[in-house]
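Structure in C-alpha cells, see below.
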Amino acid sequence: MENLLYTALFAPLVGSIFAGVLGGRSKMMIAGLVPSILLLVSLAASLVLLGHVLSTGTAVAVTMFDWINIGNFNVAFGFQVDQVTAVMICVVTVVSAMVHIYSIGYMDHDKGFNRFFSYLSLFVFSMMFLVMSDNFLGLFVGWEGVGVCSYLLVGFWYHKRSASWAANEAFIMNRVADLGMLLGIALIYWQLGTVKYDEVFANVDKLDMTVLLWITGLLFVGAMGKSAQFPLHTWLADAMEGPTPVSALIHAATMVTAGVYLVVRANELYAPVPEVGYFIACLGAFVAMFAASMALVNRDMKRIIAYSTLSQLGYMFVAAGLGAYWVALFHLMTHAFFKALLFLGAGNVMHAMHDELDPFKMGGLRKAMKGTFILMTLASVALAGIWPLAGFFSKDLILEVAFVEHHFILYTVLLLTAGLTAFYSFRLVALIFHGEERYKLFGIHPHEAYRFMLIAMSPLAILAVIAGFGFKGDYFAMVTQMLPATEYHVHSPVVYWTMVFGTQIFVGLAIAYAYIKYVKVKAFDPAIESNFFYKLLINQYYIPALYEKFITVPYAKLSRFAWKQIDQRIVDAIVDLIATSIYKLGEVSKRMHTGNLSTMLRLMTLGFVIVLVIALALQMMAK
Amino acid sequence: MAHPYFGVFFLVVFTAIAFIATTTLSAFVGKKLAARETEKLKLSIYECGPETSLQPNKISAQFYLYALLFILFDVEIIFMFPWAVDFKILGMFGFIEMVTFIFLLAVGFVYAWKKGALEWHSMK
Amino acid sequence: MITLNHYLIVAAVLFVIGMIGVMRRKNLLMLFFSTEILLNSVNIGFVALSHYLNDLSGQIFAFFIIAIAASEVAVGLGLLILLYKRKNTVDLDVIQNMHG
Amino acid sequence: MEPVKFDLVALNLNTIMPMLITLGGALFILIIDLFKKLDKQFYVTVSMATMLLAIYAIFQINSAGRGFFDVMLVDGVAVISQLIILGASVLFMPLALTGFRFREFKFAEYFAFFLFMIAGFQFMVSTDNLILIFLGLETGSLALYALIAMHNRQKSLESALKYFTMGAFAAGLFAFGSMIFYGITGSVEIGQMKTVIEGNNFSNMPLILLGTAFMIAALGFKLSIVPFHTWTPDVYEGASAPLAGYMSIVPKIAGFVVALRFFDFLAMADDGVVQTLLWIAAVATMTIGNILALVQDGVKRMLAYSSVSHAGFVMTAILMGTTQAHVGMFLYWTLFLFTNLGAFAMLWISRHPSKQFDIRYDHPFTKFSGMVKINPVAAVMMAIFMLSLAGIPPFAVYWGKLYLIGAAINSDHLYLALIMAINSAIAVYYYLKLVVFMFLKDPSQNDGTIYNMNGTFPLRLVLIVAAVFVIASIATIEPLSAFIQTHVVASGF
C-alpha cells in the first residue's frame, strides 16, 4: 500500500520533470503523452487506495523521514490516505488525468506545449501533496505549491499583459490570505507543540476558546484566499486568462476547493466554535448569491463559468459552516466533475470560435459541434441540479441542510441562487448552441474538437451523471467514519416532497425562462446597458474599481515612495556600501599577494610573530 | 569588560589592522628602499668583491647529481651508528631491521644506477 | 660552566639567523641554506635537551631531522637546477608570474 | 643488558599494514619501471589495487590501539582519516587516464611518488609520536613537491618552488616547536605531553604558548590558515587541476588530525588562551579566504581561496573541542572531499594541453560563459558542485555546515556561529558567479565539446560518482555521521 501511495504522489512529479527537461524545446508529443500516462498510473493507484480504504476502513499512513528537525521542532515528513483524502485524490487524479489528455489536443498548436505539461503535472503533484500530507505544515507546502503552479499557468501566455497581470493578482491575493493561514498554523504549533493532524485533533479540548477562535479564523482566512471568497474573490474571474484546461483543472475542480478541503479536514477544530461556522455559512451563502448575480449578465463565457464556480464554492462553505462536512465534500466531488466538464466544453467552443468568448457572437453551434453540445448541456443540467444528475443530490442536500438546521434565511438565499444558477447556465447554453448562427457575420467556420478530446471528456460526463445516485450511499458510509455522520432528513414527508418538487419546478422554470429569453436573440441589445442593475452587475458591483481606487493605487504610490525614497536612498545605499566595501577589501588584500616568494615568507614570519604576540598578550590579560 | 569575547573582537580588529599595515609597509619599504644594485651582488658566488667572471669550463651538472646522491646515502649512515653501538643488545631483531633498511637503500641505489645517474657521460 | 641554557640560546640565535635569512635572501640557494640552519639549530636544541633530560628520544629526533634535511636538500636542489636550466638564474624575483 | 626480545604479536603489525602496502606498491612500481617500460594504464591499475588493498587492510584492524613499539596509534580518528585519504586517492587515480597526453603520467615515478605521499600522510595521522608525525609530514610533502613540479608547465615549477621553500620553513618551525614541547615535558608523544602538562596544571604557560605559536605556524602552513596561506592560490594555480583538488583535501585532513591531537588538550586549558588564538585564526581564515575568493578571475584560483575558507570553517571544530564538533569536522571533510574533487575534476575534463583560453589562467570565468547552451550536461554537473560548495541544501556540504554551526551553537560559541553563517552567505556569491556565467551569459565558445574534450570513461565515472554522492548525501548523511561518531567517540575525542 505504501508503494501505491508513493506512486500516486510522485508519478505526476516524474511526469513534470520529464516534460520540464524538454521544456525549452519545441513541441514534442512525448512531452504530453508521458505525463498523461503517468497520471493514469497515479489515477489507478489512487483508485486502488480508495478501494483499500473503502473495504478495510483503515487509513494508509507513511512517514518518509524526519523532515524538519531543529531543536524541539520536529516535523516528520509523513503522508496519509484516509477516507477524506481518498475521495480527494480520486477526484484530483480523475479530473487531472482527463484534463491532461484533453490538453494534448487543446494545446496542440501552442509553442509552450512541453512547458505546459510540466507545469500542469507539477500542479497535480502539489495538489496531491496538499491533500495527502498528514500535518498542517505539509499542507501548507502543498498549498504554496499549487499557488505557484497556478501563478505559472495563469500567466502561461506571459506575453499577454492581461495574463501576467491576472497571474500577479492571483498570486498576491493568495499571499495575503496565506499569511493568515501561516499565522494559524504557527498558533497551533505554539499552543500544542505539534502540527500533525492526529495530535492536534486529539488535543483540541486543551485549547482556550479564544485561541481556538483565532486559529479557526486565521485558517479560514487562508481558505478564503484559495477558494476566492468575498472579499478576496476578484482574482478568480481574472484568472480565466490562463488556458482553458487550466481553468477546468485548477480554477474549477481542484485548487479552489482546497479551502473547502481545509475546513473539512480541520472539522474537529471548527466543531467547538459554531460561531465561526455560522459566519462561514453566512459568507458562503452571500457569495453564492453574489457571484450568481454577476454571472447573469456577463458577456464572457469563461467568466460566467468562473462566477458559477464561485457561487458553488459558496454552497460548499454553507454546508461546511453548518457542520455538514460530508455534504460539503460530496458537493466538492460532484462539482469537480461537472464543472471541469463545462470548462472543457467551453474550451472546445473557444477553439471552434477562434478564441471568441462573447456568447452573443455565437449561436446555433449545436449543428457544428454535436458532441460538445451534448456534453455541455449535460454539465449544465447537472449544475442546475435536475434529478437524477449529480448536482441534484449534492446541491439539494445543502438546501436540506440549511432547512433542517432552521437557517431559513440561508435556505431562501440558496434556493433563489439555485434558480439563478439554472438561469445563467442555460442562458449560456441557449446563446451558444441554439438560435441563429450569428458567428457567420464574423466569417468563422466552427469545427468539432478532436475525437479523443471528446472521449477524454466522456468519463467526466458519465461521472457527472451517475456520481449522485451511484455513489452517495457508499460515500456516506465511508466518509462518515471520519466526519460527523449527521443525516439530514426533513421529518415531515409532505414538507420534504414539497421542497424537492418545489425546487425542481423552480429550477425548471428558470431554465425555461432562460431558453425563451435567449434562444431567439439576434444580437446583443445595447439598450440594456443603461439599466442600473445591469451596470452594477457587469461592473462586478464596482468592487474591482474600489480595490483599484482604495488599495491598488495608494499602495502603488506607497511602494513608489518606499522604492524611490527609502529603498534606493537608504537601504540600497547601505547594502551597496557593504557589498562594495567587501569587494574593495578583497581588491586591497589581493594586492598583498604579490606572488613574490620573499613577501610570502615574510608574511609567514609576521604571522608567527603576531600569533606569539597575541598569545602572550592574552596570557597577560588572563592573569 | 563584560563579555569574554570582547577582547577577542578587539584582537581580531587589531590583527587585521596590524596585518594589513605591516604588509603594506613592508611592500612599500621593500619597493622604495631596497637597493636593487646590491641584489645583483648578492646573487654572485661569494656575495662580495668583484664579480667573478664566468668559468670557461663549467662544471657538469652531473657533478651535482653525484653530490646529491652522496649526501643522501651518506646521511643514511647515521642510522647505522646506534645499531653498531648496541649490536649485541639489539640482537636478531636489530639485525633484521637493519637488513630491511639496507635493502631499501639498495633499492634506491639500484634505481639510481639503472636510471643512469652514476654514468658520467650519459647525462644529456 | 656551559649549561643547558647556553645550548638553547645558541639554538635560538641560530634559529633567528635562519629565519632572517629566509626572509631577506633573494638567492634561492642561500634560502635553502637558511632553512638548513633552521633545522640544524633545532638539532642542537634537541641533543642538548636529550642530554639534560637523560632521554634518548631527543637524539633520535635529531637523527631523523638530519635525514629529512638531506632529502629536502635533494628535492630542493632538483627543483633549483630545473629553474636554473630554464631561467638561467636562481633569483627568486623571477618567479612571480602568479599573483593576486 | 638483556638482548631485546622480538615478538611478532606484540608488534601488532596490523596497525602498520596499510602503510606497508602502499609503500610496497610504490617500490614495486619503481622496480618494475627499471626493467620494462609500461604505459600508464598499468601503473594506474597497480596503484588502484594497492590503495584498495590498503583500504581492506584498514578494515582488518579490529583491535584499535598501539603497535610497533607503541609508536603507532591506530584509533578511530586514524581509521577515519586514513579512509578519507585513501578514498580521495582512489577517486584521484583514474583522473590520470586522460584523453590527452600529459607529460607527468609518462613517468612511473609519478605513481610511485603518489603512493609514497599517501604512505607519508597515513603515517602522519596514525601516530601521536612527533618524530613519526614529522617524518610522515615530510615524506608526504616532499613527494608532493615533486608531483607538482612534474606537471610540465612554467607555472608548475614556480608553484613547486614556492611550496617547497615555504614547506621547508614550516618544517623548521615544526621541529622547533617540537623541541620546545620536548623541553617542557621530556617526551615526544602527544599523549604523554598531555599527561605531564595537565599534571603541572599548565604551570609553564609562557613556554607552552611559545611552542604553540610555532605549532600553529607550522600546521597553519599545511592547513592554509591565514596568514600562512599565501602559497595556496599559487600552488593550486600551478598544479594540475586534479592534483590541486587532491591537495585541498588530503594533506589538510592529515594536518587537521595532527592539529586535533595536538591542540585539543591545549585549547581546553582554563585560561582559554590557545582557544582564543585558534578562534582568531579560524575566523580570519574563513573571512579573508572568502573575501579574496570574491575578486578572482580564474576559477581555479577562486576555488583555491574558497578552500582556504573551508579550512577555516573546519578549523573551528578544533577550538570547540566537543565530540559533536569533531564528528562534524570529519563529516564536513568527507562531504567536501567529493564536492571539491568533483569541481576540480570538472576543470580537468575541460583542459587542453596546448590551447590557452586566457593569457594567464587555464580556466578563466569567461571560458564557462553560456556553457549551458552548448554543453548542458557538463554545466549542470558543474553547477551541482558549485551549489554544494556554496552550502545550498540539499547538496553535500550543506549538511557539514549545518552540523558544524549546530556544534558551535551547542558549545555556546554564538558569535562564532554567527560569523560562520555570515561567511557561508558571502561564499554563495562567488560560487554563484560561476553558475551565473554558465547559465545566464552568452556562449564564449563555439563548440560544446571543448568542455569535456579531455574526458574518457574513467574521468566521467569519477565525476558521476562524485555527483551522485553530492546529490544523494541527503540519504547517506545519517549512516555516515553514525559511522564517524562511533569511531570518534571510541578514540576519546
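As written, the chains take the letters A, B, C and D, and residue 1 is the first residue of each chain.
Throughout what follows, a contact is a pair of C-beta atoms (placed from the backbone, for glycine too) under 8 Å apart; a residue touches a chain by one contact, two chains touch by 3 or more.
Bear in mind the structure is a predicted one, so any value in this text is a computation, not a measurement.
Asker: Any chance you could check whether C-D or A-B wins on number of contacting C-beta pairs?
Answerer: Between C-D and A-B, the larger count of C-beta pairs in contact belongs to C-D.
Asker: Taking each chain's centre as its mean C-alpha position, how far apart are subunit B and subunit D in Å?
Answerer: Computed value for the inter-centroid distance: 24 Å.
Asker: Give, as an integer number of Å, the spacing between the C-alpha centres of subunit B and subunit A.
Answerer: Measuring from centre to centre gives 75 Å for this pair.
Asker: How far is the middle of subunit A from the middle of subunit D, if each middle is the mean of its Cα atoms, in Å?
Answerer: One centre to the other, that is 52 Å.
Asker: What positions in subunit A touch 2 or more of the other chains?
Answerer: Expected reply: 589-590, 593-595, 597-599, 601-603, 606, 610, 614, 618.
Asker: Of all the residues in subunit B, which ones touch at least 2 other chains?
Answerer: Subunit B, residues with two or more chain partners: 7, 11, 15, 19.
Asker: If you look at subunit C, which of its residues touch at least two other chains?
Answerer: 22, 25-26, 71, 78, 92-93, 95-100
Asker: Take each protein chain as a node, join two nodes whenever their chains touch, and name the resulting shape: line, ring, star, complete or other.
Answerer: complete
Asker: Which residues of subunit B touch subunit C in their complex?
Answerer: Listed in rising order, the residues are 39, 42-43, 61, 64, 68, 71-72, 74-76, 78-79, 82.
Asker: Of all residues in subunit B, which touch subunit A in the complex?
Answerer: Residues of subunit B touching subunit A: 7, 11, 15, 18-20, 22-24, 26-27, 30.
Asker: Tell me, which parts of subunit C touch subunit D in their complex?
Answerer: 8, 11, 15, 18, 22, 28, 31-32, 35, 38-39, 41-42, 45-46, 49, 53, 55, 57-58, 60-61, 64-65, 68, 71-72, 75-76, 78-80, 82-83, 86, 92, 95-100
Asker: Which of the residues in subunit D end up touching subunit B in this complex?
Answerer: 1-6, 27, 30-31, 34, 227, 272, 276, 279-280, 283-284, 415
Asker: Under the touch definition given earlier, write down the residues of subunit C that touch subunit A in their complex.
Answerer: Interface residues on the subunit C side: 19, 22-26, 92-93, 95-100.
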